[in-house]
Structure formats: structure tokens, C-alpha cells
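Labels run A, B, C and D following the written order; every chain starts at residue 1.
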Amino acid sequence: MALDRWFRRKKPNRKDDDKSPSGLWIKCDSCENQVYRKDIIANLHLCPDCNHHYRMPVDDRMEMLIDEDSFEQWSGTIGPVDPLGFVDLKTYPERIKAAQDSHKYPDAILTGAGLLDNQRVAIAIMDFSFNGGSMGSVVGEEIARAAERAAEEERAFITVAASGGARMQEGALSLMQMAKTTMSLAALASKRLPFISILTDPTSGGTTASFATLGDIIVAEPKALIAFAGPRVIEQTIKQELPEGFQRSEFLLNNGMLDDVINRKELKQKISKYINLLLANRTTIKVKHVPAI
Amino acid sequence: MALDRWFRRKKPNRKDDDKSPSGLWIKCDSCENQVYRKDIIANLHLCPDCNHHYRMPVDDRMEMLIDEDSFEQWSGTIGPVDPLGFVDLKTYPERIKAAQDSHKYPDAILTGAGLLDNQRVAIAIMDFSFNGGSMGSVVGEEIARAAERAAEEERAFITVAASGGARMQEGALSLMQMAKTTMSLAALASKRLPFISILTDPTSGGTTASFATLGDIIVAEPKALIAFAGPRVIEQTIKQELPEGFQRSEFLLNNGMLDDVINRKELKQKISKYINLLLANRTTIKVKHVPAI
Amino acid sequence: MSLQFEKPIDDLEDKIVDMRKYAEEQGMDLYEEIGLLEKRLKRLKKESFENLTRWQRVHVARAAGRPTGLDYIDKIFTNFNELHGDRALGEDPALISGIAEFNDQSVMVLAQQKGRDTKENIHRNFGMMHPSGYRKAIRMFALADKFKLPVITLVDTIGAYPGIAAEERGQALVIAESIQRMSELTVPAITVVIGEGGSGGALAIAVANKVLILENSIYSVISPESCAAILWRDAAEAEKAAEALKLTAKDLLELDIVDRIIEEPLGGAHKDPQAAIDSVAKAIKEELIELNKLDQAELLQQRYERFRKLGKFQEMA
Amino acid sequence: MSLQFEKPIDDLEDKIVDMRKYAEEQGMDLYEEIGLLEKRLKRLKKESFENLTRWQRVHVARAAGRPTGLDYIDKIFTNFNELHGDRALGEDPALISGIAEFNDQSVMVLAQQKGRDTKENIHRNFGMMHPSGYRKAIRMFALADKFKLPVITLVDTIGAYPGIAAEERGQALVIAESIQRMSELTVPAITVVIGEGGSGGALAIAVANKVLILENSIYSVISPESCAAILWRDAAEAEKAAEALKLTAKDLLELDIVDRIIEEPLGGAHKDPQAAIDSVAKAIKEELIELNKLDQAELLQQRYERFRKLGKFQEMA
């Protein structure tokens, strides 16, 4: 979806004849400067002029966070089915096929193991460009498997959320992924393994209301939309316009919901420090699952 | 202090010549009716006309809550000293002596064991009329001892708070009673024994900010003033008048700080039910002191 | 006020009443005729309710007169003592919680309450909880754990409230925390969807060992209206959305999302609240007796496995 | 801006500077004379500070230029990563918290921050915390427990903020909960009172295994001004109240309320912040090495006993 915006306008007076998508000029969403698309991509999908954070493809995200050549993919062995025979304006299988045809992975998630600054981690990255990053059975299952396997292999766990919420086309099965992903985190907690949640633009609905806000540390990229109910739903409910900056990262930080808002360029280094600090005193003694009394 | 108000005015046209304090008419603080003082006392210190809750002497409170002839007093073996040599307009020993001369107990606290509807409980009742119910070393020590002994004897624990806060004349030693009383509750928790906190008019400062708001269940009598900082302090800080009902029981209930507001006449029955319900499934297995992870 | 598909039933009922009256006035013996009509009525009800569309069932789930959380609390539990407040943000009347007796045991009860009349609807915010409500639930779960009180939750909400204050106070986060805290309960937990189970706002108090649902209740990832607005770009297509979402008790049982369907009296719970309440009481009792046999570790394990297995996918080639 | 009793010291310091300048300008050898003056200055400082009244010490504890929480964080800890927010009510800048390295160990640091200039004072609310700050502290205690991070708290506040919003959000309750949660830490906890330890607002983050205090810091059940307003009915009698309250480091050590006094550089921490910071670092390190030897149960026990014994009373005849 973010890609759509990149093709909105070409720089009219460009001289060279590079017609490939990566050669196009775009007008920055934020500073409105004409920026060379290749420069944005090369700059971690940040505007070189104003540092605006564009959405980032999952592979680029993985490469940014995980040390070179250390990634071992876990996800991808399972794909979505159509449990309800869901039909709206299209059938669910049609929607899935369209998404899969334009994507490398079978659903809106990439998980795997790797090193982050030489520290053993597991990571789950959501793909907003695949069906709005919606969480259905596959996304939920992959996240739960990744969390459980991270615990088993004694890895810190990192998630990068980007999601419109639950996948409606799988009905209540999608809803149940909120419980499943949340419950899978217990395995990490019982071994005192850090779970760092990174929220990116946009994260809302069932994703925000489950694993993604249960990190030991929760951070977000600047100006990301992070919500339970999206702004349109709220505007319809309350029949008034929302205040400037509502549901953006800085708003959440100010309301106590985030540990920090971190520029993408500093993200890897920060996450590395968190993991390092949280694991430094760790004993391998297992903690019994006992609730607070 | 509440007693002062009772002598404000006599019913002018009273016919009988009973001159004893208990025979006087007073004008109710709330409904402003002329009420016979004896009737208030006989009515659990409630106005017979409007149900206004007057402050209640500790012995009356104990008799109201504890089954007849079942009370065994624990407190009273220790009394206050003057650790700082504190002098303001009077010396602290003078203040203590004055309070002790007009009171049955050596400090602002009565603790003991008894039955409440045939259930074994321990109880600690603060005495606002003794130096403003302030919590110094003796009050703190008696509460801590009572909580610990309740745990040891497997009794539910009930406190009835009425306090202006920490006792300034014992300086930081009074402050430390907040930590001491709070920490003494761990013994009850580790045995899954209920701690019911009853807040009465007025409870503020260090008492509100320690054991008294840590009940498994916290209830208050109607319209009791319950505060951290008293209304005068806040008015001085913010330089404006406080809203109607601010810091009263109903305000706290509405702000989520109380489990319930309970009429004095129903208090014993309610506490009895709470204890009964919270103890019904109790196993005697000890819970290890493990924090939530 | 009757639902649209109830009209033929109501008409026939009226007819029978007329007939009785007429027979009485005229001193005529119409015993046999009336008996036949009553049989027919019963058959009509049965057929109607067996063949309700999903959208019609949504209407039954939301019907006026359908017993609410408080009705169940009043009639199923004894010695109910309501406990208020989350000790942080406020007191949310959309969730009623407290301790009570049930079958010679103390239990913790949580019920979403939509309200029974306009005044109560407004007071209860139509059962749409704010963050303070979810925090209250979390507090109750902790209290239940401490005192070994089995937890019984009654779900009836279109969803968590979507508003500015709710977002400011972390509506998403408290729902996540409530899901997590409920999943960590070391006591038996039973959920009954008594009306509408709306999305994360319902799930937050439905992470139970056993999830039961009344025959005409619904439980869905999104309300049919909102789903239609998004996928059909027209909220009026809610009927199609309801059909597509497979949100009825029967659908959910097939997907293992619920464990048991509680039968409603013929014509729906709103036609005979007491019968519905009795059925719910019986079901809770039976399930609780079974769950009481499990120890803490088994309860945690059973609950984990119950939710862990939910989801449908295929292995890729 | 110097404190009133510092005037003679400052005057003498100025004299010495003059004298040096004069000697240089004139090419005169005043080495011996200046040396004597410097000795005299040192004696004057020492005498002044040894004989400070309690009220004067209150002023030193609040002096402009006295190192603040952030100064200690910047210079004592490496790799400090601030963690914000209480995940419920908001983010309170009056309390700075985060994880850092200290002496080859990860630690959790919490510091009340009054601010170093007017702008920061306002941003930090002069170190007076709101309920969100205490909730943040509670969250940090939980994180510290989970990841076995020793907790180091730096206390500097006149007290918790008294305001309408603070009361609405349960200021008393969050302080109580913070006291309770800190007392349950299964990791070593060290508190340093670096400036002003004001009442419950300070104690909420001071339930440590070891409570240290800088030589000129104070720690009191109530501010001298408020105490005077209540007991003398005149806030201007704060000096008398300060005297009566016995709120200095030395007083508190005698009452076992603090475990150790950290010496300040001559003339007070504000005259040589780095020296004060070094002393604090050294003291924390020494205490932490000792506490690291205790296991979880011993830490809980030691902390319990430390506070359990505080209080003075007599057996009644």
C-alpha cells in the first residue's frame, strides 16, 4: 500500500531516461521535496531530506536488523486456507492468490533466527503490503511457533508489527490468534528471555491488542499510527475530528504506552543494547509459572 | 475532634433537665435537625434522621464489628516515647500525656483478635481522636504485630483507618511506619489470608499511602474524606476551590479506588461475607513468595 | 417489540389467545382445535429457529428482553458481592464483577452488561468497556488467583469502546494484558457467551478453559455491520457479512472456537429468560465439576492447548 | 547565587583570587601569605559545614548547582537507556528510569529529577511525581525482578505532587503499591538520597536493602515549611521545624533510618559535583558488591528486617 504513494508523481524535468521504478522521482509525503526513489530505498526507506519513515519491505527490515548472512528462515512452510468459504466482493482464495502472486512469502509474515550484533535472536516481521498485514491463522501460527522456538533455543524474541488487525476472512479463527500469540509469550517469560516489540506504521486492531503491546520493552518508529480502533472508526463513533498527532507514536509515548520512539537508523543499535542489558544478569534457572499474589 | 461538633448547640426549648453530655441536643452536621445525642450514640453514631455518619470511638467500633465477648486485646503493651526531643508550641511528651489522660489506650490504636460472625479475625482500629489518629512508632508497630500475628494464627485481617497521616513529632521514624506496616502484609498474602481495609472519615497522608489502600478488598463508609494530600494543602497548591464531593468515598469509588461504599449498619454483615467468600476455597498450602514475571 | 421473523409466530400465538377467549365467551368446546393450533405453533417455532439465517440470529442475540449479565448473576449465584474499580483509572459499569457462591464454592464472576432499558444502556455504555473495565477484569483475575476462586465470565458486548479517551488510556494494551492475565489463571475459568461476543473486547475476558455459548448467541472477529462497511463498503450489507463470518454457535462449535452449545428455550432466550438461565446454570455447574478435578498446572496446560490449536492452514509444497 | 552562610567563605575565596592577581601583576612573591589564606579558607569551610544548622543544611540539600539525578546517571552508569511510561496513565518526567551498565552488571536505575534550570524544573515538575511516575516505578521494579537487575534509586523530591488529578488517579494508592512492590524485589536494591527525601513521595522508591544519604541531604516525614504551617501555624517557622524534625544525615543515621552517610566535598556537593558523584559511585559499588552475595530469600529477609525494626517505643507498665 505504501508503494502506491511512491508512484504518485514523477519529477517533471528529470533529464536522464531511467524508466525503471527505482529510477523515479517522487514527492515526499512529509517534506514534499522531489526525492529520487532509489535514494529513499538506499536510505533504509527514509526520506534523505526530512527523515520521513516510509514503510519498509519485510526482507529489507530483516536485513537491517539481522547481521549479514546469519538469517535462517523459519516461516514459509505453511500457507493460508479458506476455512469459512468466505466471499465478499471477491472470494478469499482470490484475494490470497493475488497477494501471493505479488509477494515472496505465502502470508503476511516472515520469521526466523539470526544474530543481532552477534546476539542470538528470533524475529517475526509482519508484512503490511500483504493483505494489510492482517493476522489470520498463518500469521498467528508463525508468530506462536517463533516465540516457542525462541524460548526453546534460548533466544531473545523480536517482533516488528505492521498490521491492520485481524483477518476478517478467517472469522473468529483470526480472533483466536490474539489469544494464541499472547499465550505463546509465556514460554519466553518463564525462561527470562527478553521480548522486544517494535511497532511500525501502521499497527492497529487485533495485533495491537495482543502480543505487540506485551513486550518487555515496546518501541515504535517515529510518527507511526498505532491504534486499537482506527481513526476513521473513532471519528464515525464520536462524530468529531481527531486532534493532531492522535494515535501516533509520540502520542503513545506521552501517554505512557511506549518505552521509546526510535529513529530507524538507530533501531538496530538500540535493540542490541536492550537485549544485551536484559540478558547480562540472566541465570539459566527456570522460573516457575506462579502468579503474583 | 468530632466530639467538638457535638457540643456546638443545645436544643433551646428542651424540657427535661438532663445536663449530662449524653443528654444534650445537637444540631446534625448534615440534616441540621436537632437530634438527641444519646440517640446518635445508640444508633452506631449515625444521625437517626439522615443517616449521617459521625466518627465512632474505637471501643464502639470494635463492639460493632466483633461478636460479643469474643474480643481479646493485643495492643496496649507499648506506648510512645519522644525519640527526637520534639518541641513545637508544646513538647511532644505534653501532647502525648494530654491525649493519654483523656483516652483509655496509650496511643491511637486498638488491635486484637476476635470472632466476626463466628469467623476468626484480627482487627486494628485507629483512633482519630487521639492526636489526629497519627501514625507514629506505636501505631505502626501495633499494626505490623497484628498483621504478623494474624498470619501466624491464620486469621483474616481487618483494619479500620482513621488518621490524619504520619505523626510529625516522631519525624522520619513515623515515615518508616508506612514501609513497616506495608511489609507486614506480606505474611498474610503468603498464606492467602484476606486483608480487608475499611476507610473511615477522615483518612489521609501516610496512612492512606500505606497499608490502608492495600486491602484485598477496600471499602469506605459514606462521605468519608479519604486523601493523600488534604483538601487545604491542595487548595493552597492549585489556588482554586475544590469540586463538591472531592476526596469523599463516592468520589473514590467513581475513580476506581474502592471496592464499595458501605453504610455502617451493613458493614459487619458485608465484611463477614467477604471473609467467608475469600476463605471458602482456601487450601492451607503456603504460597512461595515469587514476584510476577 | 418482536423481531421480523417472529411475526408469523406472534400472529399464530395471538390467534390461539383469541380462540381461547372466544371458546370461553361462547362456552364452546374448542379443546381439540386449540390443541392442534398449539402443536402447529410449536412446529412453526422449531422450524423458524432451526432455519434462522445468521443475520436473523444476530438479531436474536441482540433481542430486547434477552437475559443480561445481571439477570444471570441474580439468579445463578448466591451471595453476590459486587467489587468495583480497577484501582487505577476508574470504575467501568459496562463490566460487573464480584465474588459469589455457586454450588458450594466461592467463585469470581465477571459479566458484560449492555443494560435492560435506555437508562441502563447509557449507564453501561451498551456493554462496551473502557480501559478501566479491562483493568478491573485484570484485578479480579489476580484476586481470583490469590483466593482460588474459579472464574466465570459472561460475555455480551459488541466490542470494546472506540473513543479518544479509550485510545489515550491504551485500549489495545489493556485488552492484550487482560488476555494474558486470564491465560495465566491457576483456577478453572469458564466463559459463557450469553449474547454477543464482539471481537477483542469479548476475547479479553474469554480466555477460559471452557468456552460455552448459548444457541442463539454470536461470537465474531468483527460486527457484521463493520465488516460490511469495510469489505462491501456498505454497512447495509451486514446480512451478507453475517453470513460470510460464520458467527453462530453451530459454526463456532465446528471450528472448535467454542466447546459447547447451551440450548435455548423454543423461540429464544428472550421468550423464556428463566429457562435460559437454568440451562446456563446447569452447564456451568457441569463444566466446573469437571474442571475442579484438574490441578493448577493441568488447568494452565489445558487452557494453553485449547487456544494453541485454533487456526486452519496448510503445509506448503 | 550562594547560600547565606556561604557568604564569608565566598568573600575569603574572592580575597585569595584578588591576592593572586595582585601578586602576579606586581611580580611579588606572596606564596606564603596565600598559602596561609588557603589554609584558613579550608578551616573556615570545614567549620562552617560542621556547624551548619539543620535549616542551613536544608538549603544545601536544595542548593542550585547540586548534582541532580541525571548528573549521576550520566556519570556513574554506562549505556543508560531510558525507558518511559507506566503503560496505564502516562509518562512522568519527574522520574527518570532505565537500564544501564554498572560495574560489569546490568542495573535498573530510577532517579527523581528536580531539574537544573527553570525550564527543566517546570518540565520535571520540580521532581514532584504524579501517580503515573509511581506506576512507572512499579513497572520498572517488575522488569528488574524479571531480568535480575539490581535496582538503584536516587531520591530527590520535596514530595509527591498534591493536586486534583493526582488525587483522582489515586496518589496515595500508587505510593502504597510502590512501597509494597519495591519491598518484594528479589534483587538487591540500593537507595541514595542525593538531595531532598520528602515524605511518602520519597519513600515510595526508597524501600531498599541499603539506604545511603549524602552528607548534606535531608530526609523527612514532612517538609519543614509544611510542618511549621501545621504545628506552629506559620510556615515562616520552618527553621524551628527543621531543627525539631531531625532530618539531617547524621540524625537519620542515629535513628537507623539510613545505613551510611556519603561524604560530600568540602563546601557541599554543589561546589564540586564531580567529587560528589565519584563518592556516590564508590559507595553504590561497595554496597552492591556486598548485596550481590545474598540470594533472593536473603535479600527479602534483610530488607524486611531492616524496616521492621524501625520505630521507638516503650513497654507499658
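Things to note:
As a convention for this text, a residue touches a chain if its C-beta (ideal position, glycine included) is under 8 Å from a C-beta of that chain, and two chains touch if they have at least 3 such contacts.
None of the values given here were measured: they were computed from a predicted structure.
Chains that touch both chain C and chain D are the following: A, B. When every chain is reduced to the mean of its CA atoms, the largest separation from chain D belongs to C.
Note: centroid distance chain A to chain D, computed from Cα atoms, is 42 Å. With each centre defined as the average position of its C-alpha atoms, the distance from chain B to chain D rounds to 33 Å.
Those residues of chain C in touch with two or more other chains are numbered 87-89, 135, 146, 169-170, 173. For chain B, the set of residues touching two or more other chains reads 189, 192, 255-257, 290-293. For chain B in complex with chain D, the residues that touch the partner chain are 76-81, 83-84, 86-89, 106, 136-138, 140-141, 144, 166, 168-180, 182-186, 204-206, 208-214, 226-229, 233-234, 237-238, 242-243, 246-247, 255-257, 289-293. Contact residues on chain B toward chain C in their complex (touch as defined above): 189, 192, 194, 216-217, 253-260, 270, 273-274, 277-283. Listing the residues of chain C that touch chain B in their complex gives 79, 81-91, 99-101, 105-106, 132, 135-136, 143, 146-150. Within the complex formed with chain D, the residues of chain C that make contact are 87-89, 135, 169-170, 173.
Looking at the complex, you find that chain C touches chain A at residues 142, 145-146, 160, 162-164, 166-173, 175-177, 179-180, 183-186, 199-200, 203-204, 207, 219-222, 226-227, 230-232, 240-241, 244-247, 251-252, 255, 257, 300, 303-304, 307-308, 310-316.
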